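Structures are listed in the sections that come next.
Here come two complexes built around chain A, the first alongside chain B, the second alongside chain C.
The block that comes next holds the complex of A and B.
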């Protein structure tokens, strides 16, 4: 996504921060084992980037915005989430 | 053209009169010695119905510049004043003002920075803000203070520039000294300075936008390039607008103005109020047959490299006399002047003199001593001591 710069960095497009996919900052990626997941959604509550979506019987990651901080894995009470090194 | 009224006023009053003639809409300010009279006067103009503007009393200089930024983003014409610690406290906001391309004008009563605490004349406060992206003008007298304020709005608001402008007047020597000043008529200033109507967008709740928005590594450098280009482009704009001002009001400003430089072996380079005394010293030395001239730096940002090259290259030695010091290096002007000449084949020897710090008087004797020391450099053909402190009070030295 490329936009042209403006005088004074004025941006008239609303909600355009969505276009900046911060997932590119990630070096480790969360992987959830839905067999172990108890759908407590603690990870959903703790995710600082709103990169976790609730689905029926578990969760799903929006990797466009997950920075790989690992808070979800640390908070998961049943250790259903592991952080895996990402090769790019 | 209307008549220019003669008034005998203090420097702060001169910058305030200059500002008032530009019809600012918003005046956010926090008083600090020696600039306090500026917000006082602006407040009086508003209370007396002479100026239709909003005065914002803030709790700090950081807030003053923040309020300037918010107000200027709406498209208002904004003016403030500060000095010393106040300029230091608003330091980060100055970068934001310039990055957001807001032509705020600020009068600074140039004063020393603590510690030790000192309220007197010194250029360290605005020199410490030299990289903030604001244009910087320095006045020699109160007339220049008034005129440069009016020019500052027109230059800063020019579509080719859109940057904040600082106008420095020396603490006490100008801020609190009463001098004769010619004040242009309101209708002539109105004619010189059109209303500020930014085309690139204004802060407006009916048309919401983000200002100074996030710029990741793919974008930031391009923003800074454009901002720097605006500062570069201001060089021609300054010449153009100074010339227009001269035509209309009869006072001709130059980025660097000269006195007796044509055949001079030694040129003294000064900034601000010390120039008046330096001119007297040069006059006296010329009568004694000494080939000495004087160059005054009115515009410090953008740094007038081409003009300084033209004026100084024919001299044998240049004495750069400064009311600031970058500890561990030289005075700010010296380093930049050395940079200006570094690739030139024909260049004068450059020697840096630090004096006048914290309100130390710069006397005719001081400039004569500086001349003698510069002649010594020329005779030796080399600058053994790059930075020399002049007019030291030996009695108090440990």
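The block that comes next holds the complex of A and C.
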């Protein structure tokens, strides 16, 4: 890939890091049990990668970006999230 | 003005390590600051992971400065906005890592505080030069093993105490100084809001654990941050008008846990003997007495 360097290296495409899918880094994958979830959104707050979306009565993962760090599972107060080994 | 806090201004796809405390910190800080914000960053983990040209994780205007001058570039931005009559409603944030704040950017930061610019300076502290390979910094705590302060037969690891950067900044007499921690998000957000709303310079010291450099599990990041507060290793406080004699401790642990609980979860402290831990405990106890924290369990 050739990159055209703009004058002053000004990048007008904000948020363009989303083109790079960090989900490929993952070795363990979070799975949420929405029956147990109490919608406290602690996982959403602590996620370093903004890979958790709030939905009605729970959360949803954006596995394109989740790196599998496991913070959400560790911080869930009702243990509704488990980390499962990725199998290819 | 209240922001819509569901909007992400620090986009996914940034290259921070899995479990990076800075990712959480910057996301939450920008949620409070909102889209009418101009940020500067200096060299450090944050710059490396968020601005791999031609991509950027930032959804707000950002200037990348050199290692030492996040504060001076932010000063220029603030003065330019004022001269153009466009400062109203615009927040200027200056980000620096601990290397770019404690060591390399200290004189630029001191100048910014002294000149009284309306800027919020945020130091994201992961206690060493992490992106270049875990070299020690003046923010590295006593006893931590890094690649330039390795532990061994004749070395305890880092032999110096951590520099009290927030107290140094408060000593400039600036309107608002605070320490924050990613494990206490509500406290962090309140402090960011106060800092931004304060006229004039404010300084936030944000504690952000680093799984790569501190060598703990990537899922342990928040728990390590929490233990730092509960053991008294990192005290959460705020001071108005640089009055550090009357600072307010914002998160007071009910009972203080032994410092060993914090140290034993991180492999950078794995070499410490019982005597070493007792020495660190004694220093933490003395510090906590000065802050008026409760006695140890």
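One rule holds in what follows: the second predicted complex is superposed on the first by the 74 of 88 C-alpha atoms of A that agree within 3 Å, B and C clash if a C-alpha of one lies under 4 Å from a C-alpha of the other, contacts with A are read in each partner's own complex, and residues count from 1 in each chain.
In this text, a contact is a pair of C-beta atoms (placed from the backbone, for glycine too) under 8 Å apart; a residue touches a chain by one contact, two chains touch by 3 or more.
The structure presented is a predicted model; accordingly, all values stated were derived computationally and were not measured.
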Original post:
When the two structures are overlaid on chain A, which partner does A:7 contact: first (chain B), second (chain C), both, or neither?
Top reply: first
**OP:** Determine, under the contact definition given at the top, whether A:20 touches first (chain B), second (chain C), both, or neither.
**Re:** both
Original post:
Looking at the overlay, does A:80 come into contact with chain B only (first), chain C only (second), both, or neither?
Top reply: neither
Original post:
Of the two partner chains, chain B (first) and chain C (second), which one does A:49 touch, if any: first, second, both, or neither?
Top reply: second
**OP:** Considering only the touch criterion stated at the top, classify A:59 as touching first (chain B), second (chain C), both, or neither.
**Re:** neither
Original post:
Which partner, chain B or chain C, is in contact with more residues of chain A?
Top reply: C
Original post:
Of all the chain A residues, which ones make contact with chain B and with chain C?
Top reply: 5, 9, 11, 14, 16-17, 20
Original post:
Across the complex, what residues on chain A touch chain B?
Top reply: 5-12, 14, 16-17, 20
Original post:
Can you list the residues on chain A that touch chain C in the complex?
Top reply: 3, 5, 9, 11, 13-22, 25-26, 45-51, 54, 62, 64-65, 67-71, 73-75, 83
Original post:
Across the complex, what residues on chain C touch chain A?
Top reply: 6, 8, 10-24, 27-28, 50, 52-60, 182, 185, 211, 217-223
Subject >> Residue numbers on chain B that touch chain A, as the complex places them >> reply: 73, 99-102, 162, 200-201, 207-216, 219, 222-223, 226
